[in-house]
Amino acid sequence: MPPTDRFVSQTTFHIRYAETDAMRIVHHSSYVIYFEEARSDYTRQRGSDYALFERDGLFLAVTEVHARYVKPARYGQQITIHTWIEDLQSRGLVFAYEITHAETGEIHVTGTTKHLCLNLDGKVTRLPDAWRHWADRSMDDKMDKE
Amino acid sequence: MPPTDRFVSQTTFHIRYAETDAMRIVHHSSYVIYFEEARSDYTRQRGSDYALFERDGLFLAVTEVHARYVKPARYGQQITIHTWIEDLQSRGLVFAYEITHAETGEIHVTGTTKHLCLNLDGKVTRLPDAWRHWADRSMDDKMDKE
Amino acid sequence: MPPTDRFVSQTTFHIRYAETDAMRIVHHSSYVIYFEEARSDYTRQRGSDYALFERDGLFLAVTEVHARYVKPARYGQQITIHTWIEDLQSRGLVFAYEITHAETGEIHVTGTTKHLCLNLDGKVTRLPDAWRHWADRSMDDKMDKE
Amino acid sequence: MPPTDRFVSQTTFHIRYAETDAMRIVHHSSYVIYFEEARSDYTRQRGSDYALFERDGLFLAVTEVHARYVKPARYGQQITIHTWIEDLQSRGLVFAYEITHAETGEIHVTGTTKHLCLNLDGKVTRLPDAWRHWADRSMDDKMDKE
């Protein structure tokens, strides 16, 4: 399901106990945080850093989240998140995610997040050129299969 | 935006400081937890209780979450959540939410969550009759405007 | 256990499902967030507001947290938190908490949090007079038993 | 500050954006979750697994948490957690933690958590021999300095 025509990051980590709920599974809100952490890791893998973005006085506001829950993850396992840029526009972009069991590859959750670029005044603004080129390259580069 | 042809619960509470993030606004994952708390409150207001549901050996698994972020909420304010059942099917249902500023009425976030009824073995199963009738009545009853 | 010689706030709310863990009880980190929410409610009940404190360019940094877990709380119940100022110093203060089952009064968790006043530069600074007097009065006023 | 006479695990990871708050620093409750994740990693590094512990019908209930906050961590950095068993008793144990900036080594937070062994009925019970020996060995083994 992750595309083969662009960069796709892979991020793997353990489920934290605090992320589970009384159904003995990972609470559905935790995956929204996994999406975000996967997004941070994507930018780090691409040689960039969202913390720098903020130091430029810009923010990538989340304007939409969609998650589809296929099979619950549990404490004691690791998850792998494949992350890619699905769409790039002048003032924003869309990230897509696939969260799988790190060993079996079974899909837990898929989803997308939409983002708009805001300046310090909270106004929607164009993505700065450096970031647009960065995103463009990420959508052109083939993923290095490990 | 909340419908007028069925029961709509209203839940109001303060933003917790822990729910904010370094952008000084409520973190987008917090609203998914607000949706859930609003859903719990909806069932309490309808004279039911999700804890009892679980004691019957049944679970309402979340199978989809969609959130649209319009305007950030901040620490120091209260939010009001309008919650209603948007769709009812034999084995599941859809809740819809509108989160507004408790005083100004401005919309912060809207969203929906899809749920399927599972038994202890994790199998999708029909909603028990008592719960179907409960949901049916909730979709027929007009909201009591406070 | 809450003192009778000073103001003690009472805050009652429902456990949220997201706050439980795979042991089917409230996760121990959630009580630290309950402490904070109880502290916010304490200041609101005393006619003050921590959001205003921040608008003055001051912060109450948490420098220590201690929690003792007696009996777990569960989803489906309400908790009541009694909160009071245990100690007041020139540059900080200590809040104390007792979290009980809202109906049975059984103790779930007790704890304390220490705070230091910081200015925008992150320097430890004296509590402003208005806030000192506010805290002083809170330690003099008897609690109004409801 | 970590002892040199026993095994000390090292766990390093990135701060997640969701873990920050409106003071632009890591929210103080997040460190309690870091303690837990460090504890999980400690057991994994010692060739054990808390998930297995639970499959034996046993739980390590947290009975006390103490955290001392020295200097805030921020988004964009990594933290390193040193974790060790500070005390071992027939029915429980105490873990200790030191959370530092992964690059500079500056201390962010130190703390301890106390745990009691519970069975499925919630009764306090002796740590099973296998786990006692496991903890004993961890307190004898010198840390392998990397």
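We just call them A, B, C and D in the order they show up, numbering each chain from 1.
Here is the rule we go by: a contact is a pair of C-beta atoms (placed from the backbone, for glycine too) under 8 Å apart; a residue touches a chain by one contact, two chains touch by 3 or more.
Fair warning: this is a prediction, and the values are worked out from it, not measured in the lab.
Engineer: Using the touch rule from the top, work out which pair, C-D or B-D, shares more C-beta pairs.
Structural biologist: C-D
Engineer: Among all chains, whose Cα centre is located farthest from the one for chain A?
Structural biologist: Of all chains, C has its centre farthest from that of chain A.
Engineer: Per the centroid of Cα atoms for each chain, what is the distance between chain B and chain D, given in Å?
Structural biologist: Computed from C-alpha means, the inter-chain centre distance equals 35 Å.
Engineer: Between chain B and chain C, tell me the centre distance in angstrom, where each centre is the average of that chain's C-alpha atoms.
Structural biologist: For chain B versus chain C, the centre distance works out to 28 Å.
Engineer: As a quick test, compute the distance in whole Å between the mean CA positions of chain C and chain D.
Structural biologist: 25
Engineer: Taking each residue of chain D in turn, which ones touch at least two of the other chains?
Structural biologist: 17-18, 22, 29, 33, 36, 75
Engineer: Of all residues in chain D, which touch chain C in the complex?
Structural biologist: The touching residues are 22-23, 28-29, 32-33, 36, 54, 59, 61-69, 72.
Engineer: What part of chain D is in contact with chain B in the complex they form?
Structural biologist: Against chain B, chain D makes touches at 17-18, 20-22, 24-25, 27, 29, 74-75.
Engineer: Please give the residue numbers of chain A that touch chain D in the complex, ascending.
Structural biologist: 13-14, 16-18, 33, 36-37, 40-41, 44, 49-52, 75-76
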